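Each of the two complexes below includes subunit A, the first together with subunit B, the second together with subunit C.
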Partner chain A sequence: MRRKLRLIAIIAVLGMVTAACAAADDGGGSDSGDEQQGEVTQGGTLKAALISDVADAFDPHKSYYTVNWGFYKCCLLRTLLSYNGLPTEEGGNEPLPDLAADQPEVSEDGTEWTFTLKEGIAYAPPLEDTTVVAEDFVRSFERLADPKASEGGYAFYYSIIEGFDDFSDGKADTISGIEAVDDQTVKFTLTDSYGDFGMRLAMPATAPLPEGVADGHVRDYGRFLVGTGPYMFEGSEDLDFEAAPEDQKPVSGYKPNRSITLVRNPSWDPETDDLRPANVDRIEVEIGGTEEDVANKVDAGDLDINLDGVPPAQQIREFLSDPEREDQVQAYPSDAVRYISFNLAEPPFDDINVRKAVNAVIDKDGMRRLRGGPQFGDIAGHIVVDGLLDDELADYFPYGNEDGTPDVEGAQEFMGESEYDSDGDGVCDAPECKDIFAVTDQADPYADQAALIEDSLKEIGIELEVQALERDPMYEKCNDAGAHVAICLGPAWGKDYADATTFGEPLFGSVAIGPDSCCNYSLVGAPADLLKENDYDVTEVPSADDKIKECDTSAEDERVGCWAEFDQMLMEEIVPWVPYLFDNRVEVISDRVENYTFDQFHGGMALDHVGVSE
Partner chain B sequence: MGQYLIRRSLFMILVLFLVSVLTFLIFMKLPSGDPARMMGGQRTNAEDLQEIRENLGLDQPFWVQYGRFAKGMIPWPGLWLDEQIYYSYSNNVAIKEEIYPRLPYTFALAMGAAVIWLAIGIPVGIISAIKRRSFADRTSMIFALIGVSAPVFWLAYLFLYLFWFKLGIAPPSGIPSDEGVVQAMVTGRFVMPWIVLSLAFAAFYSRMTRGNLIETMGEDYIRTARAKGLSERKVIFKHGLRSALTPVVTMFGMDLGILFGGVFITETVFNIPGLGQYAVRAIGNNDIPAVMTVVTLAAAFIVVLNLIVDVMYAVLDPRVRYR
Partner chain C sequence: MAQAASDVGSSSRGDYDASFGGAQAVKGRSPSQLFWARFRGDKFAFVGLGFIIILTLIAIGAGFISDLVGHEPNEVFVSGDTGMLDDFGLPNGPDMSRSFYFGADTAGRDLFVRVIYGTRTSLTIALVATGISVIIGVLLGLAAGFYRGKVDTFISRSTDVVLALPVLLLAVGLAAACSGRDGCLGGLLKPGLFLISLIIGLFSWPYIARIVRGQVFSLREKEFIEAARAQGTGDWAIMWRELLPNIVAPIIVYSTLIIPANILFEAALSFLGAGVPPEVPSWGRMLSEASGIFTTAWWMMLFPGLFLFLTTLSFNLLGDGLRDALDPRTATR
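On to the complex of A and B.
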């Protein structure tokens, strides 16, 4: 239902991933970035499309959707730290000072983070006379901790701040771990050392909240949003915060389900902002239509880009085969992985050798081909996307072949060692290997992929009974520990921010087991009582909780190494998944767009970096 | 007549009640996703999930939950689409705020298309009835077959591709948000949607008119009219057509009612911000308040237009009397 769902957010990103080549490979894509900055046309109107509206009508405390994050990051909201709007290889995953004057001072034990604010940063009209002060961050975090105001958002990332949960539960009047030391200094105290806290502070929900703006707007604050970015909603100056909340009229520049119009924020001073060139004067976004129609409009130059849809495969092919238009196809790794998930408590996948055998026998290259071929991403040999591990595991392929082709012999060896292959011939001969309950997405190309998986698994004697469902029910089913789905064929997962912690607890933590939590479909670390409660025969499954805790609380410079170890531990000692594809995100742009730049943070074109020729 | 109207009105309320119960039942009970989970996001913990359930009334018995929604369907100030209940679960916007501006677009699309399909369908039907087995009749049969068998979404894409993308003689899909419905009609943004939507109906109406007229022209009273020396034109238009069009009017009422409830495919493909486009999104998002509103509204349009049609019978056919 809600577009803001984490998974839907990911799917939106992944759905868009119809990839074309990684920029360097197949000719689709051009130099991203600002080396061309000097030549970029200033002014003009960028015209974009969204097939579906943004989530939560732009409320930053609720919005858990990367398309929203793109608008916030480029245009509407500045945060203490933020990103440069470029791809990973150009530093796009590194948090940099934004509203903060410099990087934070971090105490030796890593629990106290102190920021000094840039001076004189004013809000957009009608608050152009109000400057950002430390108290605005305290106010923002207090709203974030209000379960109603942040419903559906990602407030859980801030439970690491001392007193955040107490405030949220109504046990305290203030968040003890956030202090406005003076107007220009804000200090955060954490419950432990979390090296990724800087990245958490680069999320849009942490943007400062001026006094009075959100009062009375628990549900609809997004339509009264006043930020500090280079753009604002058209009509922002007409907001009347003097009026009673129920009498206030929302901004005219955002019409839910119809259009978004952003204009320059006169309060924004480029001298204070190294991260956003803000080349165009105006950004117009029409909402609705179909992907095919929007693609034609991009082709015709009526629109410059589709921000949330999937460019039709035919359009990608046509553009890539035309030397004059190939640069209009842009593709970059979206920091997301596609995978097959085992239920560790369900036979025959309760045997690690069976899970290893499946990893070795799956035709990952075939799976990728069904999505469109090598342009659609890199073969995944492990779980955490390479971009979050500084490529430490880029050459790590513990099962199958590096080119994604299956290793049938290796698979049969693993199967031969399992308890389900009594004669050790590499083919499962136990009844548990027949009619295994599998679930997949009914959309393309999952059905074809499921058929391929079924074929591959026959080599080791495994036969699936596949149920194809709509996307949301599929995820709910896979997430329901009581549903006894043995193998889930259609999931995908993307980062929230560029630290592998976003691939840790939510996917493999014992606290993330459904249906009341999410999204540990494999039941890694499921406690004995949960297994019993859900009628599983096994009484224990391997756990990753200790390693997750270790990595979560590790210092900034140790994190990548720790998460790489975690990934290898999963792939060798637990084997909860068959990761098969690190997805690319592809975008087709009009020939008016100059200086295309991929914003790695939200996974799409950086609207503030591009220019448009008239 | 008065009694008849009261009876029909009560019947209308019963139908709307049943439609709303069924809609609510389908969307609450079918495995299309837990509304609380959708609202809270996948990573919401059990306690927060419970709180959301309480806020949405999902912890209440079915009939209590239904009652909350049903109250908002009563057209009375303070009750009608109460914003505390009738707000979109997907973007928190009040349903009223989304629905009202969409009605003119849907009405304009439906009415414009209706004019075209009547203007094409009835004359073509009459001609082919009068000139049976002629070239005109056979041509109209081919037209009808094409019109009925060409899917609307296909025609819509074809028209967009041909007349906007290739030939550039029609405006593209979509209506800029600063353009009102009248301005959009003046600038020709409705022309392609009208034509696409009307083609299938025109084809169907021409066949229906033809069939009815042929049957009517064989009636005794037509022979009597001819025997009395009336001109053929008078026989056809005054006596034959009047009776032959009665079922057409019935269908017209139904069709218009259905379209007022939302022209799902045409609005989606042409990106017209009408009720149909909203309904498609609402259903796709399992947005219960939005779905309840559009489905019940659509049912209301159908029932009301049926009532109007029934009343019009008396005008069209003097033999019909209401008791």
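On to the complex of A and C.
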């Protein structure tokens, strides 16, 4: 069941990731930030736009959406550990102490994590007299473990805490692995050594929950949210938790599907917070409109940024061609990969040579061009984004050319070795290569990309029959082992947090095969009975389970190396995908915005780092 | 007085007078001679006919033209030396030296070749969809007009019902329902040109049916029908051999006039994403693809739009001309 939730959640995220996390490399001026640090204008109002509202109305235990995480991280919620709101190369993927006074003390065996809290951190009004204590974390995790309260969220990341699942299933009254040792000390006990636990504690769902605030608000806690960040919803001080839950009025600063207004939180003390400069006084977000509409307003300076859309290519070209405006286009890796996924059990992709041939023949440069060109990312030669592997595989391109152009001869060589090319001329001549069932997203630019893929595959004699669906049905179809989708053209995958484990089990673990779980579309490691159940003629597919387990439980300093090996193993021995683009998030800002910085954690502008000139 | 006014306003009327009002117009002429004499004088209809003939040639020779240019309709020119997309993924405009006469679309395909192939799509729809609606319309119209009574009531009310339907919405729904991989009706209808033609045909027959019914209504009282009936001719034979030949003219006229409507219908469906499959070039879909980007890539809007406009205009002009020539009464309106 947990996995089922995950499917929906991740799709929701990717809906945005794919729309919002479009990526490119260094198109803009990543240096503008440092130069101006210290002289950023204080005060003023930042005016942003959202095309669609954040899902789950700001409930941090439910929200599985990077744009929403951006609001929590910059402004509303502080967690034990958090990030500095900067890009990877400036430490943006390193968890740093936030509500914790220091990094945790971790036991020898890696299973016990103890945090000491900073003293005297008060909640936003109306709870300005309440300080954060260890018990608030216990309370937050208990709500997180409640399947109703965390519906659609990512509670599964915390199953590694001892007793979390038992509490969740109602078999225990407390979570045995979380202990408030005293007011300032909280201790977590894990079922095994998980080196990435610190990152899991930097997620917004783990923020402390003051007593009584969420009571009676299983569905609508988001509009009664009281946090510790530098900002709060306007009208937070008018919340009345003395009243019965059904009589309480939500904050005025968040009108679902209309607007979000954040103002300064008077309880926040900059002395206790090294991570958030919090320059502007007020953040106003209007929800709705089209991308073109918002782009025009940003152009005119009526809005400062679109937080969830992709700027139109025309606008990017216009700005980048103008020396005066080129620094208004910002592009940073969003730690997401775009790929084509094979079904390892469906002919002709049950033959590894065919999968290698497709890898070599896909025009990755063309695929990127159709997404908007080099601003939108780096050509991907492998699966786990470079940012999570410390660039260990940055020069690893096992198929095709490094610049993303296809290697047709190499592809035909692979195809020639395949059982589906009887005369070995490099062009598939078997009937299995005709009318192959492919599924893609019907939105732009996936349809254009599908046309390019079809055109490229002709070189090796593969002909697709493409079905274009809306995004969610596409993901559902590709995830359904029984649907026999041979090749899925439109998926993308982004990190949840900066450890490659988020590119491991959910994508390639045998437990992640749909439709009841997610998102192993390739059926890597599918057991024989599952294949039989779903009417596959193929009885055996390669598995990556052992390596995933090894990397998941490896210590912090060995993780990157292990995941890099895992990635290479996938690309050479299993070949489940054609990864083609490490995505960039491209943002266009108004000329009022000073000190643009990219928050690597959520993959977008850090609202707490920017200033606005009047 | 009405006569005088229309003489001034209508060129076809003027030509008609020129042909028939003169002193030499005393020879007897067959109906087809009369028709030709009238039609010949209608310059607009002639231009329309000429353009339709050219379009037909283009549609038939699309493959040949595409070979001449050297680009296939679904061939993409995205990157590399032959690429037609710039570093921002935006398409390049018309480039004679590289044989991209109409420029490229957002997928890097040759817009000229696609517009040419789009002619084939539009004319196929024009033919098949109109054919379907004419067959249905004529059969139902004949039956209603001939049998009158309950049959007429039933058919006429059905016609009203179909006319009252929100046609576009329904067609979008139907097309979407049948556009899956396995089609609909248990795989009987597969997505493609025929499906769209059928959907369009199913919604545009009432116009024909009404015209036919009206004509039959008056014709069946004529003496030659009485005579046929007195001879013991069966219903079917009367309809087929006596009535139908006498209503060919209005059928032709109205078929020609619903052709442009059907072409636009297909364009609208494709514009809304419910039309022909993506790999089939369609003007409507091209316009839809251009809608978000035409300030930058004007050619994506201009060329398909121009072809669509000229095609529907030509059929309308031809239809009007045919009507004037075949049915002089309408020309004096």
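As a working rule, the second predicted complex is superposed on the first by the 582 of 614 C-alpha atoms of A that agree within 3 Å, B and C clash if a C-alpha of one lies under 4 Å from a C-alpha of the other, contacts with A are read in each partner's own complex, and residues count from 1 in each chain.
Note that in this section a contact is a pair of C-beta atoms (placed from the backbone, for glycine too) under 8 Å apart; a residue touches a chain by one contact, two chains touch by 3 or more.
What you see is a predicted model, and the numbers here were worked out from it, not measured in a lab.
After superposition onto subunit A, the modelled positions of subunit B and subunit C are compatible, with room for both.
In the superposed three-chain model, the partner touching more residues of subunit A is B, compared with the other of subunit B and subunit C. Shared-chain residue A:Q314: touches subunit C; no touch with subunit B.
By the touch criterion defined above, A:D472 lies against subunit B but remains apart from subunit C after alignment on the C-alpha atoms of chain A. Using the contact criterion defined above for the overlaid structures, shared-chain residue A:G372 touches subunit C, although it does not reach subunit B. After overlaying the two complexes on the shared chain, residue contacts for A:D59 are found with subunit B alone; subunit C is out of touch.
In the overlay built on the shared chain, the residue A:E454 is in contact with subunit C alone; subunit B does not reach it. When the two complexes are overlaid on their common chain A, residue A:K255 makes contact with subunit B while staying clear of subunit C.
Taking the C-alpha centre of subunit A as the apex, the lines running to the C-alpha centres of subunit B and subunit C meet at 40 degrees, rounded to a multiple of 10.
Taking the two complexes aligned on chain A, the least Cα distance separating subunit B from subunit C is 9 Å.
The interface of subunit A with subunit B overlaps its interface with subunit C at residues 292. The touching residues of subunit A, counted against subunit B in their complex, run 1-7, 52-57, 59, 62, 64, 147-148, 151-154, 156, 219-220, 255-259, 261, 286, 288-290, 292-293, 296-297, 299-300, 302, 470, 472-473, 475-476, 479, 506, 512, 516-519. For subunit C in complex with subunit A, the touching residues are 74-76, 78-80, 83, 85-90, 106-109, 180-181, 273, 278-279, 292-293, 295-296. Interface of subunit B with subunit A (complex): residues 31-35, 37-46, 48-49, 51-52, 55, 87-93, 97-98, 157, 160-161, 164-165, 172-174, 176-177, 268-269, 271, 273, 277-278, 281, 285-287. Residues 292, 312-314, 316-317, 320, 363, 365-366, 369-376, 404-405, 437, 442, 444-445, 447-448, 450-452, 454-455, 465-468 of subunit A are the ones touching subunit C in the complex.
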